[in-house]
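Presented sequentially are two complexes of chain A, the first with chain B as partner and the second with chain C.
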Partner chain A sequence: MNKLSLLAPLVYIAVLVGTLAVFSNLYRKRKASKAASLKPWFGPHYARDVYLTLLHQETSKVPDTILKAALLRRATEDIRRIIALRQAKGSLQQLLQRGSIGDDLWTRFTVAEAEIEEELRDVVLEANAFKEGWGNTIFQTANEMANAQRIRDRTDEVVEQAAAERAWWDEKRKRSERELLGESNSDEDGVLVEKR
Partner chain B sequence: MAAQSAQSAQAVQSRDTFLLLPITIDSTTKDITNLSHDPLLSRELEALNNLHRSLKQPPITDGVPPPPVPVHPHRTAMIEKMRNTGNAAFRKQNYREAIDLYTHAIQMALTRPGWEPAPLLRDELQQLYSNRAQAHIGINNWPEGLADANCSIEFKKAGNQKAHWRKCKCLKEMGRLEEARDGLEYGLEFGTDPELSNMLKEVQDMLDRRQ
Partner chain C sequence: MSTDYNYDDKGQFFPYFILTLSGLVLVPLTYSTFAPSKRPGLSKIPLLKDSTYKPPNGDLIDAARRRQAKRERRLKRFTSIIVGWVLFAYMVYLIATAAENVEGKIWDPYDILGISTSASEKAIKSHYRKLSLKFHPDKIRPTENQTVDMLNLHFSELTKAYKALTDEEIRNNFVQFGHPDGKQAFSIGIALPVWIVSEGGSYYVLAVYGLLFGILLPYTVGRWWYGTKKHTRDGVLMESAGSLFRIYDENTDEKKLVSILTVGEEMKHVTGGKREKEWIGSEEATIERKIREAGVPERELAALQELDGWQRRACGLLWAYLYRVDLGSEKLENAKLDVAPAAVALNKSFHAISLAYSNTLPILASMSLNQSLVQAIAPDYSPLLQLPNFTNEIVAAVEQDGGKNHWTVQRFMACPDDKRRKLCVGQKLLSEKEYEQAIYFAKNLPALSIEDAFFKVMGEKYITPSSLVQFVVKCRIIPPGSKAPVIDPKDLLDEDPEETDVDALLGRKSSRPSQSKTGEEVPTTPLAHAPFYPRAYAPSWQILLADAKQAKMIVPPQAITSFEKSTDNFAVQTFKMQFQAPPQPGEYTFVMHCISDSYLGVDTRRSVKLVISDPSKVEKIIEEDEISEPDEDSIVGQMNAMRGGASVGKKKAVKSHDSSEEEESDTEGEQAVEESETDTDTDTDEE
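Right after this comes the complex of A and B.
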């Protein structure tokens, strides 16, 4: 009787702790697998895949210069992604606090953040393997390249915009010319008949 | 805590794996070509091959680009010279020639090696586009002038009153008075400017008369 009264609380505690452990274990596993099955934040990282594919070429030897160029492309894409993540972070946090977005989106975001950190470390290591000290400047270079690319994209728009504005303006002038010609007869068909 | 372990699992997985892409290397030109029909991959490879070619130009010897600064002064001087020639043509009212020269200078700036400082490129371009807009205005090319001035303003908003003026001049001449007024008010947000204020008055009068 005395023994039982001593054992009862111990058993109670053991069962309680055991249940909690099993529950937490299952819960964590489920959450992990759910997070792993979430859609990644970014699309495929072509530059990274190209670099690693070239690095693992077995049939033909890839020259170092190409690998270096591919690594620089990879770093440039990483910079683009970091900037995108930083820009999104503030507003995402606000939306999460207000409850406007679900936990899934936030999980996807934090996964992407952890991934990019890992990726940066990897690129620095690779760069230093090519040339001692390159790891210190590769992201500086990549940053300039990403910015320059944005500037170049903007200048491409100038040509398109000029063509669109030109088309609009020519059309407008033609219309007002027609209106001037057909002033006595405002009907457009009338002008055509007159010309014939 | 749970999210933490999920994160690390994902990161480890993605660090160790990659997608083997269907690409091959040309043994003579050393260009990488795409064996699939993925347009995005083709674009990436094109950029890679271009970068590879530019990384083989002197003064680079080991395929590693130099740090962004200092900049090799040669190209800067060429662009400067081309712009001055354009300015001279503009003063002689040879507007078409000036446009060609500015376009040439823009091309030169755009073919700067990508790793050179981007602010330098932006600065050169905002000036060249602003100048070209003025040359377009000289021969009543309002649409082209508008596109150039817009670009210049986007590269440099404050302290670029000339570009604001040129943009609104084009808008005004094309009869887009409301847009011109908005553009002038926007330009004046970056500091007072007598020429902008004058045009704003003019445009406001035209708008009042229209009503």
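Right after this comes the complex of A and C.
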């Protein structure tokens, strides 16, 4: 009896501390795995992959011009990404405060932000390796390239739309011409003409 | 004393305990379940009281509505309420029967003697004598089911009662302690039945406690917490909102939005996930073939073909819903009907996201897609399709190649009746009865007409920089085809509330309570007429201000869900939205959008001009005629100080500056007066 009374509190504490430890361990592990399994904000960065592949080509030396072009492409993609992040940040904070989006998205966003910072620094270093001082201007160039691309995309869209509209109006003109000349043989029009 | 606790071995007090506890839970629960909804204007009344129109596949839509109603019925809650009340009633029954039990009954000598409490001592004595003659054990013999002991006991009871009422000492005892023998043993009881604390039962009790606090409590709390974390404020899953945010693009139009909305997890529940296995490849092909035949543009089909799996199916079904395509099989039809409400929910989330970005294009796209989803009309198609029985062929006959600007219902109804008939009644077109159904709806369509819209600052003539501006919208409902009376110009004025009406001055919503005080009920807005949408939908209007040049939203939309006056007789309704004026003086041109979320072709766009006056000039004008400057001690003055704190502060600063200048040199002061005079002159000229 005496022994049991001494053992009881020890067992109690051991069980309590043990469960808490197990719980915290599991919880943290789950949280870490969840954070790791979050989808990255952006998809794969192909421009960077292309540049790095070209740079580490061992069999044949890639000419500098191609490397520079690849680096510029990479910087353009970075610019696109950083603009997207900048635009998203304010709205994201606002939505997070109101509870319209979840914390996960914010975690993903901060990860993407940290990643892009690193990426920018790396590009500047690479640019400076080609020519001292290029790192200061490469992003200006890249920004112009990105803008030009955006405008080009929009104009393409407009051209496409214009063709479709043209076709529609041409058809309409033909139809009304037929109607006006009283040559319409189509059913729906026929009914209308009869009723009049 | 601790050993003296009595457990409730006769089950006498335990019912009271249970009764109180269950009552505490049941009454609020029952009230909250059955109480009428407090939200004003929310109703379940359909727009058309006796609509005979049935859309194609109407029984499937009705079945989907019934399924939803069943889901909303909260079966668990109702059963638990019923079980609770049954328990409650049983406890009441237990208490009622236990009251007859002698034990625990208050000892009452009058009751035992069978006389009234007002009887005098003399009457008591004579009554006792009569009773003793009647009940003395020596006088009577026990009947069949009585023993001598019982007779003795009864008589001694009578004697005790008599003594309690006559003998001075015993009477004192009775008055003080409630018992003729003096102070009784004091007993404290615990309202728990004995079996709970008896040897064998204690383990069960422990187990119940363990279950309750160790498992059930953490489980419910956890479920509630993770449940709230699972859904956003707009009622979609967190993951869906995240995907929508990622896919947001400032060039989103309605058609792009259709495929954007299919990224949500809600869509996955309909067309993928657990139900992935139910889908066969041929069904996908069927959907895509049918929507191609229905006329979904090539660009959207190409976008659809870039998608995969459940998202592609969802996108196909959503297009099928918007084009009102009959998919043939019941399963596909049901899936199509499930996709639509999911799309509306996701669109709400997308709308919230687009508001945060404040680009006008996606905001307007999400609003107009909402109309399309509720009415099942594809983007860029005619609003006439809202009318019952109207199909693309009939619309084509009515519009007669009207180009890409489709007819609205208003335009259609503005035609005289015989012309309308000529347009759409006939062979291959509508029958007479179908035409009547269509016109019946058209005459009830709640089209909001904006009569006036202006800016003002409460209690001020001019709008100064950074002040709190009110945008006042005067509108009324004019159903298409009806002749609205001319508006009384008084209705278009917005008069400031009286200075004593502090609530109104503070901008509290006093208009509604005051109306309910006068007994006038807040009119209820009927549900939207949406025969193709498989849910009941409460319509609303959104008013927002945007800058057309920058394509940015300036003032976020405010929803109109109910009207302050009855909409039946063209009453003019007033809506106000407040915002902070820009800090620079000048003229600002905004575009006001008033957009319905459930009907097509009833939106209004109007250009409004906000004139911000230079505070120093306004100050001079006001100094000229001191009338319009509210006294600083008055409520209006204080209100101004609270509202446009910055502007008033500025004005005061200007004022003090002026006066100090005046003190320094008279000439400058004169100049200032002259300037102000010229100002007022020009102003009157303009008027």
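Criterion: the second predicted complex is superposed on the first by the 149 of 196 C-alpha atoms of A that agree within 3 Å, B and C clash if a C-alpha of one lies under 4 Å from a C-alpha of the other, contacts with A are read in each partner's own complex, and residues count from 1 in each chain.
Criterion: a residue touches a chain if its C-beta (ideal position, glycine included) is under 8 Å from a C-beta of that chain, and two chains touch if they have at least 3 such contacts.
Small disclaimer: the values here were computed from a predicted structure and weren't measured.
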Side-by-side fit of chain B and chain C on chain A, or clash: fit
Touching partner for A:36 - first (chain B), second (chain C), both, neither: first
First (chain B), second (chain C), both or neither touched by A:87: second
Partner chain(s) touched by A:26 [first = chain B, second = chain C, both, neither]: neither
Partner chain(s) touched by A:151 [first = chain B, second = chain C, both, neither]: first
Contacts of A:46 with chain B and chain C, given as first, second, both or neither: first
Of chain C and chain B, partner touching more chain A residues: B
Partner chain(s) touched by A:118 [first = chain B, second = chain C, both, neither]: first
Which of chain B and chain C A:95 touches, first, second, both or neither: second
Closest Cα approach, chain C to chain B, once both complexes are overlaid on chain A (Å): 6
Shared chain A contacts, counted only where both chain B and chain C touch the same residue: 168, 172
Interface residues, chain B side, partner chain A - complex: 1-3, 5-11, 13-15, 18-21, 23, 25, 27, 30, 32, 40-41, 44-45, 47-48, 51-52, 55-56, 62-65, 67-68, 106, 110, 112, 114-119, 121-122, 125, 129, 142-144, 146-148, 150-151, 154-155, 174-175
In the complex with chain A, residue positions of chain C that touch it: 229, 232-234, 238-239, 241-242, 245-246, 349, 352-353, 356-357, 393, 396-397, 400-401, 403-404, 422, 426-429
Partner chain C, residues of chain A touching it in the complex: 41, 87-88, 90-92, 94-95, 98-102, 104-105, 108, 168, 172, 175-176, 179, 187-188, 191-192, 195
In the complex, chain A residues that touch chain B: 27-28, 31-32, 34-36, 44, 46-50, 52-54, 56-57, 60, 62-66, 68-70, 72-73, 107, 110-111, 114-115, 117-119, 122, 130-131, 134, 137, 140-141, 144-145, 147-152, 154-155, 157-159, 161-162, 165-166, 168-169, 172
